[in-house]
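Each of the next two complexes has chain A plus one more chain, namely chain B in the first and chain C in the second.
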Partner chain A sequence: MKKPGASSAERRAGKRLSGVVMLFYASAFLLLALRDNAWQGYALAVGVPAMIWLGTNLLPHFFPADRLLLTLTNFLCALGILVLYRTQPELAYAQVIFYGIGIGAMALCTWAVRLLPFGRRMVTLLALVSLFLLVLPLVAGTEKYGAKNWIYIGGVSFQPSELVKLSLLVVLASGLAARRFWSWLIFALACLGLLMLQKDLGTALLYYAVTLLLAYAATGSWTLLLGGLGGSAGAAWLGYRMFSHVKRRVAVWQNPWADYENAGYQMVQALMALASGGLFGMGLGLGTPKAIPVFETDFIFSVICEQFGLIFGLCVLLIYVALVWRGATVAMAARRSFHGLLAMGATLMIGLQTFVIIGGVIKLIPLTGVTLPFISSGGSSMISGMCLTGLIQGVASRNEDALAEDADLAYMQGEVRE
Partner chain B sequence: MSAEVYEVLALALRYWFAALGVLIVWRAFAWLRRDRAAKHRMLRTLPDAGMIGELVVEAGSRDLQEGMVLAVPWEGVLGSVRTCDLCVPVGGVAREHLRFSFDEKTGLRIIPCYRQMCGVNGKAVTWRSVRRHPEALTHGSVLTVGDAQLRLRVFLGLAEGMRPRFAEERPEETQAMHIGADGAPVRSGDLPQTKHVSGLDGVQYGAEALPEQPVRRRRSRRGEEGEP
Partner chain C sequence: MKKQRFRFKILALVVFGLFALLAFYGGYSVLTYGDRWFASSHNGRVRQQKQTVAAGSILDRDGTVLASNAADGTRVYAENPAVRRAMVHVVGDRDGRVSNSVESFHASYLYGFRTSLWERVRLLLSGGERVGDTVRLTLSADLCTRLTSAFERHGVRTGAAVVMDWQTGEILAMVSLPSFDPMDAEAELPAGARYNRATQTLLNPGAAFAPVAAACGPLTPEALQAAAEAFGYNDNFLFSDLVVENSVYPTDRDAGMLAQRAAGTDGVRATPLHLCMTACAAANGGQMMTPRLILSVAAPDGKTRHTPLPTVYRTAFRAEQMDTVRACFTEDGLTGIASDTCYLGYLPDIGRPWAVCVAVWDGTDARIPAAVAEEALAQQNINSAGGSRNSADRGE
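Take a look at the complex of A and B:
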């Protein structure tokens, strides 16, 4: 079988897109370097475009990669590094390291999807390890921003729920593809229960939404979908009655100005940042993005819009749309249900997480504590985002292999049968 | 650089960054569109891409006539509703009757859904029995679901590891391995021979007895070089 490679048209398209991306980051980091006159700025002005070139043109030689997905992911990761360098340079340097680790994790996930059989035993083991990881924060975890979902090991902190996302997708895809109803349902409910105990309601919402949509994609059952939506409405009402911070968030969402000095302060600052940026932004390096509390994670989108403007913010949104579109295309072209569901689940996870956080920032929906994929500061978030992309890449490479095999077989066999 | 000069530069470069952002989005979506068009062009030259073979209808109904050909994907569900991967709208076939999955070593594995049954080369297969003894169709096998009788033809290249077990090992039993529409066993020699078999795209195939070798895939005239 011929090994599939990028066509010349694809390579040209990749060079055109990555060229513009490199130009963007070279000019942005150079501008910031001129402001601070720091050697780190000049190093990033050269290093980040080089990283993008390596990531989009050299990496596909080492593992089978969808170049468009790779380019878009690299753009978003570099945007996070840029915005963090503008606001808090130490976070940017750490983010560069996490990005490097993320590339490795992405390659690992790609190869895992290509090579591992994901049989029943492996999936069961994965499920048990994941449940153990979710129990860890309850036993030995640290509370942060009202949720006990962080673990500190040897000075390094990570969020187990970010890693368990991946095994949730594998277990769901495996169970739904094999029509094993109880296995995926019990695992999903167990994960949800543990997340509720951790009070990590944002991640629980994400897990629930992805499980429901994936189950609908696999079964086509409207009863399941409508029942799930009804259940989520009931759970939302219950959460509102049980948790005081949920009530606070809903009140802030309805009218942040009512208590703008306390509970509504964060939302008010974010909205003012969005508004003050206007269409083209305050200018990179100008403005006061650090006035927004937690600007480096939850409200990083507000910082982007303040610095670059709403037009650029819309462009970032459209990049996420392109990413989701590509992921959905890969999922629909998969030959096996397991791979299709895996790619669809990873795509849904990225898309829903983006919608939830950006929706919260622009006051479309109440704010939840999830991060913006690829852009927000944090190792766990970056690595899990790259791993999700790796899963989609793995399925995409299998699709390409299968199509190349079809072409080879058709070529070997000759004319149309008449 | 002084703060004033920097401010002027930063304000000027706002439009540059916005323009580059728009250009990045434009090129990304152009790439998506181009890929989609290229994929469609390629799939037009490979009409059987994603399929492992065909099920030829040997006995069906008004909606599924004798001689019709159903393309078989790698895995899916066979049932009477249109949302199924293989739609067999005949009496006795449930909405979702059985699941199938192709394995290059064993063949097309059949798993009847809960409380459903089918026949594989004359042998009854239920959802209970398949747990103990998984059933698989090979090239030439006959699948009986409800009132329909379907013969599997696997594409060349996919069936290399599979030999038609019944033809080679038990040739004398091959003749008796079919269940007719009335439930009585029918020898393959007594099955009605069709003059023409219509493919999914309306191409008329010549009448033929069951080929000893798996069938060749269809290939459009357009992509003669074989390159996508």
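Take a look at the complex of A and C:
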């Protein structure tokens, strides 16, 4: 794979790509605005492409950044806003704000990876704060769809587990790179235990999978990987036995039509939305996407397929594939093990989360309540997704710095020889 | 670091593999099951589309109108009440009382979901009314009405019959009793009138299972199960034109029950349509054709949108077994197998390549199914190219 570079040809291609993306969204919002004759639609037709331009071009002014990664991320974020505007405009307006905050959070994470040392004390502090955050929902949280994983502070609700994803990656990368076996293991197990107590099994599954795969990447131990996979099979069985809502979800996965009126309702509606979209979609603004319960978060992929069709849905999948490819490229180009693991961890988190939710929506695997990165409605999900991209950007940026240093060194050595 | 980079590559490939699985499964499930999901009576999108699109007509193979839209936009069915009653289980009704009928299962055609983007844009610009496609069925309204009349003459209140072309798989007739008039929304329906028994009700085939037993060779639990599965038992029927309940053959390979199972009892269950397909396979040298209900679909401008072609569903037995299998059928015009509940037969005549299954659930006389089949088919001649005339009309 090619190292992420920023040659002028690549910059030009990146600008052309973001231009196409901006045009797509301008026309899509314009279409909806003309249909509803609402000024908000016109504002979004201008505002969203402007945010895409800002999100793609602002960061590279301050740090060397991976433009393709930025363009892909911004495309997905804007797609979420578009679909939400089509279904429930109020959610789209909130999502625009979260998107703006997300761009800031991404810049902050990029800056943190570039400049912060992530020493032992800092990582320990991060771990303790994260555990505190995960305990909060158990003490003062509210239950949603069977899981107690939300907290409300001052009228603002958020999901701590979304933010703890970032510190999990930092702790794992730090512990694994420094070969401190117990530190990362204890933290990961504590997180998993707390998530199980919250009954947030989808997020627990993600944490577990990322921990296992990163541990394999760092140690190369097949015993650990296979043992972990065996353990996860046992945990899945245990979860099935222990939690009634897991049993219900498995039953719905096997045959949602059997209990259409109750537990199978949302799955059946999602499948009908997929089928109604067919290959080319019913058309933006047509169909009845709001018939699908939780269409704005878990089932937003069904809405995309209903509106734009299966082929477009597969293209969205391809964008995630490109994102994973880019993230893996950045991880492989990293000079330090810590940075490589951090970028790979963030990439795996995005990739696996996407697989888990789309797999659930198309009935490939039982549905677990996680969001579709960058697209689903919600501040916690958007900001955490953008932060994950920020971590990858930070590593990409350090890689660029290292390449520049190498070039300087080679130049200087050449001068000395002359 | 070098080893770590290699492992990163492996992990990236694993994630790519998972995404490939998503793409494959998503595409496969939508293309395979999409029509069924879409046609569900729970799909509100069809109801929504009905507000803006005038439904297309449904015709029988001769062009007889079975369903169309009246000037005021209401859905009306065939003029002849006897035709309406004979065909309601296939055609459907405006209130959606019959599930998986053409009205619901082929709503994507009837309500313009298959209309291309270009056609939609053209209509938008011209300001014309959106009209769905016209669906022409393989069924003959005349033959369906004859079958229903024959049932009623013999006092059958609960029964079903299917006639198929064993060369092409076209369903020429499919009726189910009890029935009702789709134009009479107020009438109280008899129990079970909503079901199309020809495709939805499983029965013990009894003697109609004999072709399967004959094809199995030496009778062992494994051989009989394999023969049954070769005929389509335990298969998930995913025919593109219609929904058919899956036929069942017990998989426990219980040697103690072998004789009962070979006789088509003890958990062996099939729909009349599947039994008719068995007769088709016997007539067609082992080739079981995919059942077809749609002859063609025409766009509102008259252009043909879709013309399904005959396809082989499966090969039920080898050519050298043909004589053994055909020996199960008696030689009396319509060669047939009578059991307590159903009659299975076919016409060996290439000019009239028909197979028939008649099932009766409330009959006391085992000869009734065969009599119904004989009476309904004796004077009938169906032009396989699409026309239908009886022998009297042709002056024979």
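Rule of thumb we're sticking to: the second predicted complex is superposed on the first by the 404 of 418 C-alpha atoms of A that agree within 3 Å, B and C clash if a C-alpha of one lies under 4 Å from a C-alpha of the other, contacts with A are read in each partner's own complex, and residues count from 1 in each chain.
Just so we're on the same page, contacts are C-beta pairs under 8 Å (C-beta built on N, C-alpha and C of every residue); 3 or more make two chains touch, one makes a residue touch a chain.
Since this is a predicted model, take the numbers as computed values, not measurements.
Participant: Check the residue A:Leu23 against both partner chains and state whether it touches chain B (first), chain C (second), both, or neither.
Facilitator: First partner only.
Participant: Check the contacts made with chain A and report whether chain B or chain C touches more of its residues.
Facilitator: B
Participant: Touch test for A:Ile186: chain B only (first), chain C only (second), both, or neither?
Facilitator: After superposition on chain A, A:Ile186 lies in contact with neither partner.
Participant: Per the contact definition in the header, classify A:Arg35: touching chain B only (first), chain C only (second), both, or neither.
Facilitator: first
Participant: I'd like to know which partner A:Ala50 touches here: chain B for first, chain C for second, both or neither.
Facilitator: Neither chain B nor chain C is touched by A:Ala50.
Participant: Return first, second, both or neither, reflecting whether A:Leu238 touches chain B, chain C, both chains, or no partner chain.
Facilitator: neither
Participant: In the superposed arrangement, does A:Trp325 touch chain B (first), chain C (second), both or neither?
Facilitator: So A:Trp325 meets both chain B and chain C here.
Participant: With the two structures laid over each other on chain A, which partner does A:Ser337 touch: chain B (first), chain C (second), both, or neither?
Facilitator: In the superposition, A:Ser337 touches chain B and chain C alike.
Participant: Which partner chains sit in contact with A:Ile358 here, chain B, chain C, both or neither? Use first/second/both/neither.
Facilitator: Once the two structures are laid over each other on A, A:Ile358 reaches chain C alone.
Participant: Based on the superposed arrangement, let me know which partner A:Phe308 touches: chain B (first), chain C (second), both, or neither?
Facilitator: After superposing on A, A:Phe308 lies in contact with chain B but is clear of chain C.
Participant: For chain A, which residues lie in the overlap of the chain B contacts and the chain C contacts?
Facilitator: On chain A, the residues that contact chain B in one structure and chain C in the other are 220, 280, 325, 335, 337.
Participant: Spell out the residues on chain C that touch chain A in their complex, using ranges where they run on.
Facilitator: 1, 3-5, 7-9, 11-12, 14-16, 18-19, 21-23, 25-27, 29-30, 33-38, 40, 42-45, 48, 113, 117
Participant: Using the touch definition from the top, list the residues of chain A that touch chain B in their complex.
Facilitator: 7, 9-10, 13-14, 16-17, 20-21, 23-24, 27-28, 31, 34-35, 37, 68, 71-72, 75, 179, 220, 279-281, 283-286, 308-309, 311-312, 315-316, 318-319, 322, 325-326, 329, 333, 335-337, 402-404, 406-418
Participant: Can you name the residues of chain B that touch chain A in the complex?
Facilitator: Answer in residue numbers: 1, 6-7, 9-11, 13-18, 20-25, 27-32, 34-36, 38-39, 42, 45-46, 48-50, 73-75, 83, 99, 155-158, 203-206, 215-221, 223, 225-228.
Participant: Taking the complex as given, what residues does chain A use to touch chain C?
Facilitator: Contact set of chain A toward chain C: 1, 213, 216-218, 220, 260, 268-269, 271-272, 274-276, 278, 280, 282, 287-288, 291, 310, 313-314, 317, 320-321, 324-325, 328, 331-332, 335, 337, 340-341, 344, 347-348, 351-352, 354-355, 358-359, 362-364.
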